[in-house]
Structures are given as structure tokens and as C-alpha cells.
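Here is the structure we will look at.
A, B, C and D are the chain letters, set down in written order, and residue numbers restart from 1 in every chain.
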Amino acid sequence: MAILTEGRIVPLVALILVWVAVYIAINMGKEGKIKVRRIAGLDAIEEVVGRSVEMGRPVFDIIGMGTFTDSYATQTVAGLSILNYVAGLSARLGADLVAPQASVDVMPVAIELVRDAYNVEGKLDELNVDEQLPYLSGTQFAWASGIIGMAARRKPAGNIMIGPFWAESMMFAETFDRIGAMQVGGTARTYQIPFFAALCDYCLIGEEIFAAGAYVSGEPSQIGTIAAQDWYKLVAIALSIVGALLSTVGVNIIAELLAR
Amino acid sequence: MVTMDPQIWLAAFFTIAATSYAFRDNVVFKFAEYTFIGVAAAHQIVMGVKNIRDYGWTKIMEGQIIYVVVFVLGIMLYARFHREYYWLYRFPIAFLVGNGVGISIRAAIHSDFIVQISETAKTPLITGDALGTINALITFVGAVTAIVHFIFTQEKLHEGAIGYIPKIGRWLMLLAFGASFGNTVMSRFGMYQGRVVFLLRDWLQII
Amino acid sequence: MSIWEKLTGLPREIVMTLVMISIIIPALNPLGLPLMTGQMSQDWYDAVDALPEGSVILFDIGYGSGGYPSLGPGNIAAFHQMFDKDLKIVIMATALEGTLMYPLVMAGVDPEGNYGAVYGEDYVFIGYVAGTQTAMAGVLGDLHDLVTNDYQGNPISSMPILDDVNGADDIDLVAYVTTSGDIAEGWVYQAYSQYSMDVVGGTLSMMTTSIKPYYDSGQLLGIMDGIKGAADLEFLTGHAGDAIVSSDILTFSQTLVLIFIAVGNISWFMSKKEVKS
Amino acid sequence: MDYKRDIPLAITFLVGVIAIGDYYTGIEAVTQTFNVIKNWGIVLQGFALGLGAVNLFRVHGRRVSARKEGTDWVFSAVLLIMLAVHIVIGLMTGQYEQGETYNWLYNSIYLPISSTMYSSLAFYMAYGAYKVLRARNFDAALLFITAVLVIIGNTPMFPAIYPGFFHMREWIFGPIVSGAYRGVRIGIGIEAVVLGIKTLIGMETGYLGRR
């Protein structure tokens, strides 16, 4: 009996190389050899915060109801990086940041990051954690109605939603639009991207949220992860193009190779 | 005639209460919502206990004493609520995470990565008829440019004339998202219709 | 205030009431418009139709009450086709509420009355198994090692249908209906990638686009696209039910939505023009 | 060595590697070990299902006993009563969710609320279509075009008038959706795998909770 199952050699090699790629990429990230592109969504975020200052109304930053233990943890981490960035902008420009929380696991980290950001700007005394980072609920519709209620009362001028979102995405996007808030939305949950794309002023599609998070955090681990993924995507593109061209002339070598 | 069945009256009340939220947040909705949260969590416990009985307890009864370890691990999960011994919960959660991650990525690299590339690679770009060729080209361009759009560490791919490649990817994705959005409209109305039929047929009995 | 501004300024309550009316009217007076069958549901139907009599299907009820209005009718239609073809169905639930959806679905199918099917011989429900993908892998791996009772606690050792079903090798098709992305992808991972099994999947319409790549690459043989897919299956199997009725509701409510979109956009362009001039 | 962290990390790695080994190798011992892991995992998941309820008991129990201003604590009390009643009824009979009373309660409370809550999003969709769905810029216009075409194709009246509407919808679900979503799928696939590998080798440790 063969040690390796037939037809699964390519996936296994690909899986093992992920390990290698992650190591190399993170080390390269630490040495500063990798640059993540600044995506346009970040400019939109700055605009949202700036607008809130001008209008003298709060800016919301919602990171979703994900936790560190579910499979959307990386999206939550990206959301937290953005929250840290938005908190820094808010502290510097003097915007009233409101970041409601849904997860008991994530909340302490969120508080810490916002505190850090205010501290860096020397505005720690302006931060009121209980008011600005209230805990609402970890249950979907309670969380949604909590946010909608707060939005109606506080009338924010801007809303930034980056993280994992479920059916509540539609409710949020619609509510904040109704009260006239400028919105930036982003999630890597494919099912919800269309709502953000349709209803927000700017939408970060899928993995753009990871790139944005890595860019603003500058953390080698996040940057390296993105680089490792990029290498795989480049391979995917190369194989797709070469394979499609070859199969157009009747040579099916790439697909056969991948089936090993 | 309106029904006299208390179950249907209760269900009708909660249907209307849950709908009312779409119009405005109100106390009746809030009552329904908190009820929902409580009942949902209770259902989880009931199903959890049944699951433990069916797949764990029966094994111990059959003499597989090793399952006592699983029960100990299971109880350790609840250490997370303890101030001092919370770290005990890491042992069972580590087991669950290792299993969950392993079982999904071992196949994801195949299903989501290799099979998808292979599908693009084995589809000829030119087929017998014009429509087939156009479709093949759009699919190919969509797949490749969408991936290019999601490359973040290669600045050159987003500059100058080449910069149009990821842009095309973004445009094609937006077209696809539109299709998804349009389909979702159908999904939601289809779902609400069931509730309306319930109210009209079972509760008010007018259809 | 121009007419367009008035038209876009309708208060929320009025809009909602219009929507409500657009759902109620067709429920009272069905139109019965003809249906056109989509390719994805046709392929689901064909995949089941191609199975020889006595083939074993593993069917996962992966939704709860939230998804029932959209997926329940399709589930019923799918069972009609399977029982009609004398296929053996091993039913399980990866969703917490699946065991409570089961009686609702079976009330619509009535396998004993309609097809003379016998529980335990022609179909069985092994109940809820926790762990989503772990549950799938468990059932496909070694069914008898994992499961000892059906959903009501009766021992499965007394059920002939499972005598020859030990795992993936004895199952000819996996069919699932779900509201969860994890379940929709999970079956592709655990059944297709692990065992090269034939799989068909039914999801909410909003999820269809996301699992479409699996269908394109043959990892899913067919997709039941929410209530539309359900109506298609009802039509193909000849068991008109709730999904076909809901098609009428779609005619009214979606036309209303299209009017909303048109009004919203025209007035928006008009007001932009006015500002410019 | 910090055994409170390192042992769990080792467990994750070991269990994950066995799961992967089961898939890629034909070694009988690995497959059998993994069978045990799977069966254990299913039981453990059953235990994990109670975590949410314990959390609710803590949060809402505190609210009720504090009885702070407002009526919020009343709703918390409602929640706890519903929670307790359902648990007792579900477990008392030994028939779990198949018990008659439990079924009755489920069909009168849980089912109507849950199925209405998700479906009432239809109203948000309609209102969103009316107020927000605008061809406001190039990006939105693209999305707008296919959204409208798909809605038209999905509305039985229009294809009944002209079948081309339905074929248009089917075509959009052909190359347009297939191509773009295949790219998206490859992206999320590799993202999940990279994250998974990082978790197995102990570079993602969020699930372990606070330090």
C-alpha cells in the first residue's frame, strides 16, 4: 500500500509549501522587505473621520460580532487593526469615536488598542471607554437592534464597518444611510459583500480588509501572511494562463499535472 | 373564522412581534427578541446534552471507558468562566481547533485552490461557436483578473497600463455581486411569504 | 418640492405597508404564471434521476426555522423525487434545529402514504450530529462506529437500511440543503475532496453565487437555488407546493422593488440635474 | 516552559497533523487514530454547545440582580425564564427535542420568531432598494445593472412576457458569476489554508484567550 494517497500529491506539496512560505514571508516582513500596497479604502476611512469632525457628529467603527475562537478570527483582527487606526485619527482630529462591542473575548483587546491610539496622540484624558466602547450583545438581532438604536440617537456623520458580518450587514448599511452617514464597509464573508458594495459609499472587497489591516498595523506577521498568500495567487495566475493557452491548442498538461 | 388554537395564537403573536421591528424598534419586539435569545440558547443545551448522550454516554455504557477522558475535557471547557483556572479550557479548545482546522484545510487546498485552478487551466479559450468563445473568455478573464485584484504586495501590478488588469477584475466582481444582490431580494421575499401564508391561512383562516 | 422629491420622500411605514400588501394580494389570489426551469436545478434533478433504484442517498437537513420558508419546500420536492424513484435515504442533520424541521418536511412528503415506504427499510433519520465538518467526516468515515441510535433513540442495529451502509463507499449521492456557508462548503470538502463522491447542494439564493464555482468544476452536480430552485424542483417532480405559490408573490413584490429602484434613481438623477442648473 | 500555553499548542498541532495525515496517507494507524479524534470531537462539540447559555446566565443574571434604572432587567428576566423553562422541559422528559411539550413550545415560540426575523429582512431590502440602491458612481452602476437584470429574470411575470429576460439572468449566472467568483474562491481558499497552517504551528493563538 502506498504511503501517499494517489491523486493527492500536489495538494500535499502545496500544503507543506504554505508552511515554508509563511515562515519565509514573515521573516521577510520583519526585515522590512515587503511592502503592502495602500488601498484606496483607507483614504475613504480618513475622509469619513474628517467629515465627522467637520459636522461635529460622532463616527462609528463597528468590527462585527466575530470572536477570536471562530473561523472569522482573522477578519476580527483586521477590524481591530482598522479600529486602532481610526482611533488614532479620531484622537488626532478630535472626532467623537463610538465603537460598540459584541464579543466579550474581543472587547478587552479593542479597549486596549483604542487606549493605545489615544495615548500615542497624547489624548488619553479625552477617552471615555464606557461611553465610547459600550458592550451591546453577542446575539445577532440584539446586537443589530442595539446598533440601530444607537445610530438613531447619536446621528453619526460616518460609519466604518470592517470585520465579519452576517445578515445584520443589510440593516446597518440601510440604517446609517438613512441618517445620512457616510459609510465604508468591508468584509471577507463573501455572502455579505454585495450588500456593502451596493449600499456603502466605499467598499473593501474580501481580502482587501486584511491588506488594509496589515498596512495600518505594520505588523510583520500580518504583512508576511499577505505576502505568502500573494505568492500562491501568482502561482494560480501563472498556471491558469499557461494552462488555458495550452488547452486552447489541445494540450492539457497543467490540469493533468494538478490531478496528481 | 379566526382559529381558537392557542398555539397558533402564540405563533401569530410572535410573528407579528418579530415583523414589527422592520417598521420601528419597540417593546413588543424586544420581548420577542429576548425570548428568542433565551430559547435559542436553551435549544443548544438540549441538543448538546442529547449529542453527549448519543455519541459519548452510550460509548461508556458499551464499555469504552476511555470516553471518560472526553467527559473530563468537556467539563474543562467550562473552566473559562473561572477566574483562576480559566486556562484549563485551553486543552479541550486546542483539541477542537486542531481538529477543526485540520479537517477543513486538508480539503480546502484541493477544493478551493487546485480544482479551481485546474478548471481554468483545462478550459479552452476558443470553442466551436462564437458565444461559447465569448463565455469562455469572460470566465477566464474574470477568474484571473479577480485574483490579480487581490494581490497586495506587488506594486507593479497596479500601476500604469497593467493597472487596468486589477481594475477589470474589480468591475467584473461588482457585476457578479450585483447578481448576488438581485438573487438575495428573491431569497428574502420568498422567506417572508411563508409567514404571510401562516397568518392568513392558519391564524385568520381567510385563505 | 418637485414631484420626484415627494416620490422619494415616502415615509418608511408607507413603504413597508406597500411591501406587505404586495405579499398579501397574491397570497389571496394566485396568478399561476408559467415557470422556466433553471439549469442548476435541472442538473440536481438529473443527478438524482440518473441513480438506479435502490441507490443510497445521504441527505443532510442543514437548516432551521429561519431557513425553512425558503428551503423547506425544496426539501419536500427533493424527497418526493427520491421516494418516487425508490431510492434509500439516510437522513441526518448538521443544523441544531434539523431534527425539528424533519417532521415538518415529512408531513409534506408522507412517504408511507404516498410511496409505501417503510421507516428503517427505505429511509432513516439518524438525527443531529454536532461539529459540522467533523460530523460529516464521522458519518462518511465509519457510520456504525459513530451512530448507535436514530433520532428517537431506537437502535439502528434493527434497521435493515443501514445493514449495508458503513460509510462513504456505500453511499451513491450526498444531497444537502442548508442556510450555512460552513455546511455548504463542508460537504464539498468532506464528500467530494475526501471521497470523490457525487454531491448536490441546496442553499439560500443569496449563497448561490458563492458556491457556484463548485458547480462549474463538477464538485457539485447540481444546485437548488433557494425558493426559485425549489419551484423548479416542484415543477420537475410534478408536486406543486409552497414554492410555486411563492413565485406569484415574487411577481408582485419584486415588481414593486423594481418600481422603487426606478423611482429612487430617476428622482436622484433629476435632483442632481436641478442642482447643476 | 509555560505548560498552560505550550501543551495546548502542542495538542492543536498534533491533532491537526493527524487530520491532515489521514487525508494524505494510507497509513492505517493514522486513519484509526483520526477516527477516534473525530468521535471525540463530536462529543466535545456537544459540551461546547452549553457555553453560550452559561454566558447568558452570567450576563443576564447580573443584570437582574442589579436591577439598574430602566426596564432592561425585566427583559433579561424574560430571557432567563425562557431559557430555564426550555432547558427543564427539554431535559426532564428524556425525549429531548422530540418531547411533546417541547415540540409544542418550539412551534409556538422559537419557530415563528426565528423564521420571521430573518425573512423580515425583505422589508429592509425593499427599503434599501428604494432609498439607497443608486447608480451613484461607476462601481455602483455596474452592480446596479446586473442586480436589476437578475431581479427582472427572477420575477416570473417578465419571462412570461418575454423569455429572453430569463435567459439573460441565466447568462449572468454563467460566465460573469463563474469567472469572478472563481477568483474570489481561490483567494478565500488560500487565505483559509494559510490561516490554518499558522494556527497549527502556533502563530495564531487567539483561541487560547487572555494570556
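To be clear about the criterion, contacts are C-beta pairs under 8 Å (C-beta built on N, C-alpha and C of every residue); 3 or more make two chains touch, one makes a residue touch a chain.
These numbers were taken from a predicted model, which means no experiment stands behind them.
**Q** Tell me which chain's centre, taken as the mean of its C-alpha atoms, is farthest from chain B.
**A** Max centre-to-centre separation from chain B belongs to A.
**Q** Taking each chain's centre as the average of its Cα atoms, which chain lies closest to the overall Cα centroid?
**A** The most central chain here turns out to be B.
**Q** Roughly how far is chain C from chain D, going centre to centre by Cα mean, in whole Å?
**A** 17
**Q** Just how far, in Å, is the C-alpha centre of chain C from the one of chain B?
**A** Distance between chain centres: 14 Å.
**Q** Where in chain B do residues touch two or more of the other chains?
**A** 21-23, 30, 33-34, 36-37, 40, 43-44, 47-48, 50-51, 55, 93, 97, 99-100, 103-111, 113, 116-120, 139-140, 143-144, 147, 149-150, 170, 173-174, 176-181, 183-186, 189, 191-192, 194-195
**Q** Residues of chain C that touch two or more other chains: which are they?
**A** As it turns out, chain C has residues touching two or more other chains at 12, 16, 67-70, 96-97, 99, 129-130, 134, 137, 146, 194, 206, 208-210, 213, 216, 228, 250, 253-254, 257.
**Q** Check each residue of chain A and list the ones that touch at least two other chains.
**A** Counting only residues that touch two or more other chains, chain A contributes 8, 11, 15, 18, 69, 71, 141, 190-191, 194, 197-198, 206-207, 232-233, 236.
**Q** For this assembly, give the contact graph shape among line, ring, star, complete and other.
**A** Chain contacts: complete, every pair touches.
**Q** If you look only at chain B, which of its residues touch chain A in the complex?
**A** 21, 25, 29-30, 33-34, 36-37, 40, 93, 97, 100, 104-106, 109-110, 113-114, 117-118, 120-126, 140, 143-144, 147-155, 158, 170, 173-174, 177-178, 180-181, 184
**Q** Please name which positions on chain A make contact with chain B in the complex.
**A** Chain A residues touching chain B: 8, 10-11, 14-15, 18, 34-37, 39, 69, 71, 137, 139, 141-142, 145, 148-149, 191, 193-195, 197-198, 205-208, 211, 214, 223, 226-227, 230, 232-234, 236-237, 239-248, 250, 252, 254-255, 258-259.
**Q** For chain C, which residues count as touching chain A in their complex?
**A** Residues 181-182, 206-207, 209-210.
**Q** Under the definition above, what is the set of chain B residues touching chain D in their complex?
**A** Going by the criterion above, the answer is residues 6-8, 10-12, 14-15, 17-19, 21-23, 27, 30-52, 55-56, 59, 67, 70-71, 73-75, 77-78, 80-81, 86-87, 89-109, 111-113, 116-117, 119-120, 134-136, 138-147, 149-150, 169-186, 188-189, 191-192, 194-195, 198.
**Q** Tell me, which parts of chain D touch chain C in their complex?
**A** So the residues of chain D in touch with chain C come to 23, 35, 38-39, 41-43, 45-46, 48-49, 95, 97-98, 103, 106, 110-112, 114-115, 117-119, 122-123, 125-127, 129-136, 144, 148, 151-152, 154-157, 159-160, 163, 166, 170, 173, 177-178, 181-182, 184-185.
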